[in-house]
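Worksheet: one structure, shown below.
For clarity, chains are labelled A, B, C and D in written order, and residue numbers in each chain start from 1.
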Amino acid sequence: DNYSGVGRAATPKEVAAWDIDVRPDFRGLPKGRGSVEQGQQIWDGKCASCHGTFGESNQVFTPIVGGTTKDDIKNGRVAALTGNSQPQRTTLMKVATISTLWDYVNRAMPWNAPKTLTTDEVYAVTAYMLNMGGIVADDFVMSDENIAEVQKRMPNRLGMTEKHGLWQTNGRPDVKNTACMKDCVKEVKITSELPSFARNANGNPVEQNRSIGAVRGVDLNKAA
Amino acid sequence: DNYSGVGRAATPKEVAAWDIDVRPDFRGLPKGRGSVEQGQQIWDGKCASCHGTFGESNQVFTPIVGGTTKDDIKNGRVAALTGNSQPQRTTLMKVATISTLWDYVNRAMPWNAPKTLTTDEVYAVTAYMLNMGGIVADDFVMSDENIAEVQKRMPNRLGMTEKHGLWQTNGRPDVKNTACMKDCVKEVKITSELPSFARNANGNPVEQNRSIGAVRGVDLNKAA
Amino acid sequence: GVAMARPGTVPEGDGDPLILNLQDHAKTLGNPVVMQGYGQPSKFEANLQRRQSPGLTRVPQASVSFAPLQGFFGIITPSGLHFERHHQGWIDIDPEQHRFMINGLVREAKVYTMDDLMRLPSVSRMHFIECGANSATEWGNVAVPTVQYTHGMLSCCEFTGVPLSVLLDDCGIDRKKAKFVLAEGGDGSAMTRTIDIARAMDDVIVAYGMNGEMLRPENGYPLRLVVPGVQGVSWVKWLRRIEVGDQPWASKDEAIHYIDLQPSGLHRQYTSVQECKSVITTPSGGQMLLEKGFHNITGLAWSGRGKVKRVDVSADGGRSWRTARLEGPVLGKCLTRFNIDWNWDGGPAILQSRAIDETGYVQPKINQLREVRGTKSIYHNNAIQSWNINEDGEVTNVQVA
Amino acid sequence: GVAMARPGTVPEGDGDPLILNLQDHAKTLGNPVVMQGYGQPSKFEANLQRRQSPGLTRVPQASVSFAPLQGFFGIITPSGLHFERHHQGWIDIDPEQHRFMINGLVREAKVYTMDDLMRLPSVSRMHFIECGANSATEWGNVAVPTVQYTHGMLSCCEFTGVPLSVLLDDCGIDRKKAKFVLAEGGDGSAMTRTIDIARAMDDVIVAYGMNGEMLRPENGYPLRLVVPGVQGVSWVKWLRRIEVGDQPWASKDEAIHYIDLQPSGLHRQYTSVQECKSVITTPSGGQMLLEKGFHNITGLAWSGRGKVKRVDVSADGGRSWRTARLEGPVLGKCLTRFNIDWNWDGGPAILQSRAIDETGYVQPKINQLREVRGTKSIYHNNAIQSWNINEDGEVTNVQVA
């Protein structure tokens, strides 16, 4: 080849050790199975401390479970994503592809001990998260064979679009401004200002700017 | 002006405090005087520890005195600058302008207490350095009035040239190579290599290179 | 009136004592060379630090630290002040132990050591990196006070490494079938992102160098992907693997996060490009002008689609605009520094900057963005930023219409 | 044969244990953000330090530390590894207490604080700085082993500050009488250098910024002169004053040092420009190729007269040459990174690089320099550098004819 002596062939076992990704079409998904029941045990032992017993916790991350309905499962669109009914957008409200959950738990969870679950444990705990969201039944056993069926029940499975100009290199922008130079607006109105309770929230600017220059940081301890 | 509010006029005393430079035409030289004898006292007390009793020391810097002759004083060119008779090129061999010495001692010496000599002391110790170089007599008293006469005795006063292309922005290069691409030399001979005693002098390359990359630092402890 | 008394106004009497009486450092011997074999900023620069925004994230290993843009000059970000964004904490990998794999739709899956990678043809390029969530807090109302927090998930460095295309060719990429690549990190999160093949074969770099030295651990030492013009999450750190495939992967950070919620309830997925944007860094929120008179307004502009063509600045909230000077070099998918003269008359003012890139795209107003995308997108807010200056010279973050 | 066993050769059995067995950092949680508010290099990078050359100078406050070019990428020098050259030690000035004065042939002598200077129109430019004594040891015979010591008084940063011409105009420079300016430092040495007015009014900068942050104390914090293309000694650090005059000053460092002794015994005075030069940084002296086969030869080229136009590389001691790739941006009076492919056949080789600048000037061979200037010039050696590679892959510093 062109670059003689550089790099080497990967062995099949090496590829197997690292090639863990799972795609929406389930390419990469290893064979295996796990029940909701087993999942609950794993969850309570290894996940609930961070995500809450019902996946509702906001302590270390936004909630995983909540905000989805039976209708959503039927429609494949999470209704609460429009309007302001839900305070937080949970994982199950957003995720369209079950592979995403399986793949992510498999590669990154539990957060402080990633890549320590067995394949069957990933099936189980994924099934349990879906069970908490009312997507699969209490006695469900998820496996590589039935996962495609579960996909069809994902509440937001139709909630994604790739039809926009911000992905591909040749995509077109969706928002258009013009380079007006004079008399561009009649009247300028301030529509939003920093709420006074937030003034101190990010520290004192005088301590975040140099003591020289054209400006100083405002000193919140002195300022009116 | 253009930049309203920026900067302010300097007061005359401020300019006087900082405008200490002395040019070859003695512009900037303050009135004052100092004898060789006084100079010797200053030298022995404040300079000799670093530069040697006779300005000959090589301990903290190259020698100040040495290498100039009566003939040099007459000719205004230091003969020892050609050939290899002098192991070191001393300050007095090189310096063409007495203002340079006066100005430098005034601004920077003694090295660990610069700008602490009085004007008269600078005259005195400069005179003493010249005295050590045989340029002024033992009983000489140097002052702003006679310094121009001393200039006429500087051993290397004709030893500088500004006639070369490497100063002005429009100067022409003095050395010319061509961009030959093929058969540029018949035979390549190595004319100089690192002497083996110098191999260790700059530390062990293995400790001065990364432990990754296309190369490693040679390990002098291992290498033959 | 102006709030602060300042040094350097016309002195009384003979002049400024700092000039009349020589300072100690002019009368003593200073410090030796290599007192610091690897040097540090002056002790007087300690205020310029990257900082977390309190309350923004819940755990500091899945969090962000913001770069202090308010104190930056030019376009190069000092490596020590490069913004951070980690999902499972940062690590300091022994580079001798690091391996990089390419697999998937290639003739031969290969493994490279750092030794291998650093033998290959390298390129060095200056590019900005911006988190897709930069300026996220501003989709709704004003929420944070300073440019460090509104725009500080932005940095710009010179990156050195191997073009990804060189590596993919070395493995014999199947040019017909290949449509996407997956980049995967070696840290706890094993971060994955899909990149379409057009980009992957264009200007993406498998980089080890940043600003002349190796990447910093927080930025992926010893290997990260550089995906020019694309949001930071795709610049996978501690890079361990590239897989070539024919479909996108819908990984967690492209199927649950970094997706833009539209008013319809649909999420846009795989948004990548960071559109043309700019911000004035001095004067900016939380700062205070010391005096009326001449000021140099300065800021940064960039575009994920190429070069910045022009930056206009308004001091009256967008009524009228003047074109700023662009400092060279003006490079593609790189920060561009702009400067413009301004005389502050001591009255209220609203400063804005508006960048235009080489495609002709004009940086939009926040309301124009909201008209199309609503207020819940979180990501990819490239709106014109407004800084209000009051009569005391105090600068605050505002939105205008 | 090749001397060193290396990681990453084809593994026995199932594969590389570093891949088969996940490393700890892939299975644990990493470090939080802002663990370092101002970040540092990886602990594995500790070998890259600026270093003194033992025996070169007698006291460390009037000395030099060399930058580790052998480990640099691209053109930006990390500020912590910028070479140092002090004459009376370095200092860390309180910038609030610093003053800058302009006097001499101006309508009004003025004093500026740092506040004043940072309000003025600023420019940001990338420039190399090279000490006039860089490569001094090579005028005679080979004396030092590595590129850190042969060429390490070289750095390149993005500088930000006020064009000197703006300041001189602000003081009402007498354009008719002004022929030279004197730049003066505020440290113990109160370093002074003369700069001719053509340069002073052209591209000289009164700089406070370096690589996006303030200058480092070792490099003149808070103010230094940037004199593009000119030797480092003129880039006066801790700058306190500029005087406008009509004659050169013949200060100590332009009348006793930084003068070039010619065979006639005459010294050339006021040499300023750093002529076109280049050096291969990898592979370079003291390094060891690990293996036969493909290698990327890389190095740096620069010219004090403008842009680098071309760099040629020879692997046979100058018999034949091939043209290298120049990495962009190629800027005036700035380092340019070059790269070229090379297949090492395992036999002896002598690597050289030869830069050509936009004036058409071709970097000379050491013998061509000696024919004109002899061997005692000390300063301003811009000769082609030769690196010898033996059959073990060891690289050494040689001179050839």
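Note that a residue touches a chain if its C-beta (ideal position, glycine included) is under 8 Å from a C-beta of that chain, and two chains touch if they have at least 3 such contacts.
It should be emphasised that the depicted structure is a prediction, and the values quoted were computed from it without experimental measurement.
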Shortest contact path, chain B to chain D, counted in steps: 1
Selected pair, greater C-beta contact count between B-C and A-C: A-C
Reference chain C; chain at largest CA-centroid distance: B
Averaged-CA centre spacing for the pair chain C and chain A, given as whole angstrom: 22
Separation of mean Cα positions, chain B and chain A [Å, integer]: 66
Whole-Å gap separating chain A and chain D, where each centre is the average of the chain's CA atoms: 46
Where chain C touches two or more other chains, by residue: 8, 16, 19, 26-29, 44-45, 48-49, 51, 59, 71, 88, 95-96, 101, 111-113, 115-116, 118-120, 188, 190, 214, 222, 290, 293-296
Chain A, residues touching no fewer than two other chains: 2-3, 5-6, 8-10, 14, 18, 111, 114-115, 210-211, 213-214
Chain-level touch network, classified as line, ring, star, complete or other: other
Which pairs of chains touch, using the document's own definition: A-C, A-D, B-C, B-D, C-D
Chain A - residues contacting chain C, complex: 1-3, 5-10, 14-15, 18-21, 23-25, 27, 58-61, 77-79, 81-82, 89, 91, 94-97, 99-100, 103-104, 107-108, 111, 114-115, 159-162, 164, 166-171, 173-185, 188-195, 198-199, 201-203, 205, 207-211, 213-218, 223
Chain B partner contacts - residues on chain C that touch it in the complex: 8-11, 14-16, 19-20, 22, 26-29, 95-96, 113-115, 118-119, 214, 222, 291-294, 343
Interface residues, chain C side, partner chain A - complex: 3-4, 44-45, 47-49, 51, 53-55, 58-59, 62, 68, 70-71, 87-88, 101-103, 108-112, 116, 119-120, 141-146, 148-149, 169-170, 182, 184, 188-190, 192, 196, 198-199, 202, 240-241, 243, 245, 247-252, 255-256, 259, 261-273, 275, 282-283, 285-290, 295-296, 310, 312, 316-322, 350, 354, 356, 361-365, 368-369, 371-373, 380, 388, 394-401
Interface residues, chain A side, partner chain D - complex: 2-6, 8-11, 13-14, 17-18, 111-116, 210-214
Residues on chain C engaged by chain D in the complex (per definition of touch): 6-8, 16, 18-19, 23, 25-45, 48-52, 59-61, 63-65, 71-82, 84-86, 88-97, 99, 101, 111-113, 115-116, 118-126, 157-160, 186-188, 190, 208-209, 211-214, 216-218, 221-222, 238, 290, 293-296, 298, 327-329, 331, 337, 339, 341
